[in-house]
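Pasting the structures here.
Next, two complexes with chain A in common: one pairs it with chain B, the other with chain C.
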Partner chain A sequence: MHRVLGDRKAVLILLGPALLVYSLIMLVPMVWSLGYSFTKGNTIQGFTGNGLGNFHRLFTDPAVREALWFTAKYAVVVTLGQVVAGYLLALLYVFFLKKASALVRTLVFFPVVLPTVAVGLLFQKFFQVAPQTGPVNSLLNAVGIGSIDWFGSAGHAFWVLIIMDIWRSMGFYAVLLFAGLVDIPEEVLESARLDGASGLRLVRHIVLPMSFPVLLSSLIFSINGTLKAFDSIVALTNGGPGNATTPLTLYMFQTSFTYGDYGYGSTIALLLTVVCLLVTLVVFRVSRRDLTKG
Partner chain B sequence: MITDSSAARRARLAGMTASAAAMVVLVSACGGTGGGSASPAKNFSYLSVTENTTVKTALTTLSKGACKTAQDAQPLKVETVPQASLDQKLQLLAGQNALPVQFAAGNAPALTQQLAGSGQVADLEKELKKLGVYDQLEPAAVSTIKALYGGKLDVLPYEYNIEGIFYNKKVFAANGIAVPGTWAELTSAAAKLKAKGIQPFSASGQQGWPLTRLISGYLYRSLGPDALKDVADGKAKLTDPKYVKAAAEVAALGKKGYFGKGVGSIDYDTAMNQFLSGKAAMLYMGSWALANIADPKQDTVGAANVGFMPFPAVTGGTGSIDQYPSNVGLGIALGAKSFDKNTGDWVSCITKNYGSTALKDQGAISGFKVNADVKDASEVAGQVRQTISSSKQNVLWFEALFSTKATTVSQTNAAGLVNGSLSPEKFMQTVQDALSSK
Partner chain C sequence: MAIDTPLKTAGAPSGGGRVPASSAAPRPPRHRRIGRLWVKIVVALLLAIEIYPLIWMFLTSLKSNNDYLNHSTWSLPTHWEWSNYGEAWTTGNIGLYIQNSLLAVLPALALILLLGTAAGFALQIMVWKGRSLTLLIFLAGMMVPSQMILLPLFTVYFQAGLSGTLWPLILTYTGTGLPLTVFMMATYYKTVPRELFEAATIDGASILRAFWTISVPMVRNAILTVGLVQFFFIWNDLLIALTFTNNQDLRTIQVGLLNFTGDFGATQYGPLFAAICINVFGTLVIYLFLNQKVMKGLTSGAVKG
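Coming up: the complex of A and B.
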């Protein structure tokens, strides 16, 4: 084995194709996009140099600030929601439902396999106020609260989006964390129980530290996914009302493909890349320190 | 020795990899631009918007009747996208040199002008004159198109519309409401209806434009027909108090609940349906709605019970009530590169026959001459047709002279203005910002 990996030709043959495909579909477009961020125009009009104009605009554009703030807010809330809900579900599977958890696991996982657009439409109908009153508003009416126009104000739309995204993905994190919890040796739990730890104390002092690495991986997964969220938002609110639920991804998409400004769109993409990179670096640092302990 | 040869090998391999990568990039780049229309188009492909069925239906009728010869040479093939994604689709297709033979012009005329500027849109004045059918267009429609598209005939007037308020005559009569002549009368009529539990207006906040049209309607009446041209020319700003006033008036209608619940979630069909099924008393719409009004399946109120009034006057304003907002509805452009003899046959057949077919079958008014005797489908259709032929000065709509971005921003924020989540000042500021960002 060592001899094979020591041979440069073999390494090249093994790595080359994957590297080439990766370069072509990831690196080349990224560099290309970086180039575009110094230009102005689109494929219809052609491109002209714009120097640092787009970057200047990036720092003064209030829409970018709003989109960045929304992205951060959304990423933090959804990540916490997904991982906490997933962890609680996993605890439920392992310690409460035990062997009987297969059915519940399947049911909770089900939304993960549904197409995002279908889930978006489902929630639209669920929370709609007009032309028909949706189930949620009907429920509110039944307990004497007036209907709420869920997609009419920024605050409400944000929470519907959060609820939808957590519902949609908690099953995935539950299964991921379930795998981590199942891995905790039964003997450790048993001896902790013999020492008198039970319920919350068992979770707090034994289960949580022992499942920390997988919990951290879930966090990394989740934060990276939510920073780049696009499809669920487009399907549910399309960024609205106004631009109240527009994350950077959607703003970048609109700028490039709806407003026909590829240069500025690329600049926003660059900002998004930098944000993702920073977050990943921070998470990596934290994870390295804690993984050695855990 | 070993290090030398391995370094050389590494360099050679690196070189090979780089050149292989470069080759692939080159090949894929060539492939990307190869999709042009060098060979003549097999189909008379037509990209339209899902919301519009009038043009599609009339063209299909023509393909089986008057334009059968053209159809045999180049069969009609219709593809639709939702109106909200049309601009995006056009830009992507244009970028790949893959525009269809005929396509609905973008929501913002600015986009079509861009396409024309890069030689992707046929110069129809030249082509129609060559085909000898230029005189088949109504002069009023030609002048509207030229006002929109920087003096050029970039689109065909498959529709020619004036806009105003359709109202339910029965509901008006039952509540003792006379046709409002001023904005104050309109709002008091709405208040009366609301008090009786009838929804005064139906409007699609999801589309946005039916709401921003009310702002421009108010502006044209209060500030005169140049109100929005002044904004486009930079002589005025939407944030000027007299402009904000118009947004505030429209916001007030929403605040009082005149548009019903959840206006932001109401789509075009629902808004139309609310009016045609008698659930709302008034609908601001273009005359293309005549096709829906004439269809007894959709219109349970009955065409005889639908009236049409111009946007009311604003007391003390400089605009006049007979300046109707006019447009060519869904303007339809033809690709410059695919325009050949077969396409020419289609176009010449359409210009001669479309006007009467659309009017006869669907009660829809186009900017083509009507070359056959057609009886008006209803009183309201006759009234609209008369208004069009006697109108002297027309105005455009709110976003007509805006960029694509400002158009989108205005239409996506309109629901917020009406449901109170966005103040009139903030709304106008947001649109003005989008307009100023170049």
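Coming up: the complex of A and C.
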């Protein structure tokens, strides 16, 4: 029946090039990188075997522990911030702005497409204390609070990063979740209202459970992105002060290209990959259990 | 305290204002009017937070160094220094960087769309054993961080003598862009009935011909959407560009902007802000005309990924 659609030669011609490029650029290097984890050295100086040395170093390296901790902290806070801010915005769009929300949605979405480097530099200047007092510190001064050196301490720099990433992406999650909320049938909301549910109770008992699937996919998408965050951190703090805002992604980059240690860099990349896969797996399992429960 | 303040400026207008508003909405009209006012305030604050930094950036890009350093950050430029843009473009090399970006992004984009559409067709419309497994293999590529492929690629490009060219960028962007593109195109092809191609091939057209003349025009819109999504991903990329452009003349706009301050000797704030603006307003123009498509494309990529 599907004689023409099963034409093997045609499949090969259509799929072959994509599969070939994908394999050569992604699959082969992944395996290759795994091999690098057992070596020492770099492309220019050559590689020598290092056995399990890199893995031993990985487990004892305090910088890895700090980077892993920062990655986790950053991913959890940004993911929660993005999804919660996005959800509140989506509720605003659906229940308060209704038909008038299109313009607001479009405007709030805009920072999503901005180059991360540009946003990073913009926020650096927006929060700076010298040579010019930036708008944020000027605002603080205006209400009688002294300027804060936002990039001088680990805690402050962390929060500027968080604010920037939520600013940048809340419009994205708002639109994503908005699509989920619009799908809730009006009759369901109406009958809940007739039963006396309103405001927060309506949200908690009707809206939240019914938008759970899209909330979940936002969560997965967000955590996957934040674990891999690199551009925004490099542009805003470049890992500083010291290495206080250095995630695994940046530590891997510095190890490989600043210190020329490809072997150890590959080992850190492997750790990052394992973390990403594990987290996705855990989120999937936890969510499935919750779904069957209620 | 110190930590609380910035949080309030960013999050509170949306969080703090909405709770009373949401409980006020379904109540009688008198309360509703108060609720409406809250909504207006919340929306105004929200827009101010999202838009003001961009306006501030634009105004600052028109200030002279002296103006920037010695006047309040809120002030308008005392003299509108449009020459900052010229300076960013030439002395700041932004013109060259944009050219490099275009030379790397456009070929990669064309390859991604061509290969991705063909692969999506082969995986969704064609019928053969192992196609769902192949799709899964493509999917796996979306989970793995780019850090996992950078070092071997660097070795290969170096040994192949490609290091001084833009080829490493074109090839890497194509490879990393394919998984999402293949997946999205396969999804779009679900809406195209297979029978169409069976009928066409009965009339004597080969399946390859049917792919090109029948299916591609049918998913034209999808190709544009996916193209936009990939354009933003590649254009805004820093990690891959930073890895493979060790030569200053090969820098893309993002790498160039990151190193912008260095090229002037002393920091020239006006041109720096002008350079950021040039980078931002490029995407603004695309967004101005195609915002609905961009929003749809980017969010559908997320749901499926």
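Operating definition for what follows: the second predicted complex is superposed on the first by the 268 of 294 C-alpha atoms of A that agree within 3 Å, B and C clash if a C-alpha of one lies under 4 Å from a C-alpha of the other, contacts with A are read in each partner's own complex, and residues count from 1 in each chain.
Just so it is clear, contacts are C-beta pairs under 8 Å (C-beta built on N, C-alpha and C of every residue); 3 or more make two chains touch, one makes a residue touch a chain.
On a predicted model such as this, the values are computed, not experimentally measured, just so you know.
Colleague: Answer with first, second, both or neither: which of chain B and chain C does A:38 touch in the superposed model?
Modeller: Neither chain B nor chain C is touched by A:38.
Colleague: Quick check on the superposed pair: does A:131 touch chain B, chain C, both, or neither? Answer first, second, both or neither.
Modeller: After superposing on A, A:131 lies in contact with both chain B and chain C.
Colleague: When the two structures are overlaid on chain A, which partner does A:154 contact: first (chain B), second (chain C), both, or neither?
Modeller: In the superposition, A:154 contacts chain B only.
Colleague: Quick check for you: in the superposed arrangement, does A:8 touch first (chain B), second (chain C), both or neither?
Modeller: both
Colleague: Of the two partner chains, chain B (first) and chain C (second), which one does A:257 touch, if any: first, second, both, or neither?
Modeller: both
Colleague: Considering only touches as defined above, state whether A:214 meets chain B (first), chain C (second), both or neither.
Modeller: In the superposition, A:214 contacts chain C only.
Colleague: Chain A residues in contact: does chain B have more, or chain C?
Modeller: More residues of chain A are touched by C.
Colleague: By the touch definition at the top of the document, which applies to A:55: first (chain B), second (chain C), both, or neither?
Modeller: A:55 contacts neither chain B nor chain C.
Colleague: Based on the superposed arrangement, let me know which partner A:28 touches: chain B (first), chain C (second), both, or neither?
Modeller: After superposition on chain A, A:28 lies in contact with both partners, chain B and chain C.
Colleague: Once the two structures are superposed, pull the chain A residues common to the chain B and chain C interfaces.
Modeller: In the superposed arrangement, which is not itself an observed complex, chain A uses residues 8, 19, 24, 28, 43-44, 131, 257 for both chain B and chain C.
Colleague: If we count contacts the way the header does, which residues on chain A are in touch with chain C in the complex?
Modeller: 2, 4-8, 10-11, 13-15, 17-19, 21-22, 24-30, 32-33, 36, 43-44, 81, 85, 88-89, 91-92, 95-97, 104-118, 121-123, 125-127, 131-136, 138-140, 145, 148, 155-156, 159-160, 163, 166-167, 170-172, 175-176, 179, 193, 198-200, 202-203, 214, 217-218, 221, 224, 227-228, 230-231, 234-235, 249, 252-253, 256-257, 262, 265-266, 268-270, 272-273, 276-277, 280
Colleague: Note which residues of chain C are touching chain A in the complex, please.
Modeller: 2-3, 5-7, 9-11, 14-15, 18-19, 21-27, 35, 39, 42-43, 46-47, 49-54, 56-57, 60, 68-69, 72-74, 111, 115-116, 118-119, 121-123, 125-128, 134, 137-138, 141, 143-156, 158-159, 171-172, 174-176, 178-179, 182, 194, 197-198, 201, 206-208, 211, 232, 235-239, 242-243, 253-254, 257-258, 269, 272-273, 276, 279-280, 283-284, 286-287, 291-292, 294-295, 298-299, 302-303, 305
Colleague: Looking at the complex, which residues from chain B come into contact with chain A?
Modeller: 6, 9-10, 13, 17, 20-21, 24-25, 28, 84, 87-88, 91-92, 94-96, 111, 114-115, 117-118, 120, 260-266, 270, 273-274, 403-405, 408-409, 412-413, 415-416, 419, 421-422, 430, 433, 437
Colleague: Flag every residue of chain A that touches chain B in the complex, lowest number first.
Modeller: By the definition above, chain A touches chain B via 8-9, 12, 16, 19-20, 23-24, 28, 42-46, 57, 61-62, 124, 128-131, 147, 149, 151-154, 238-244, 254-255, 257-261.
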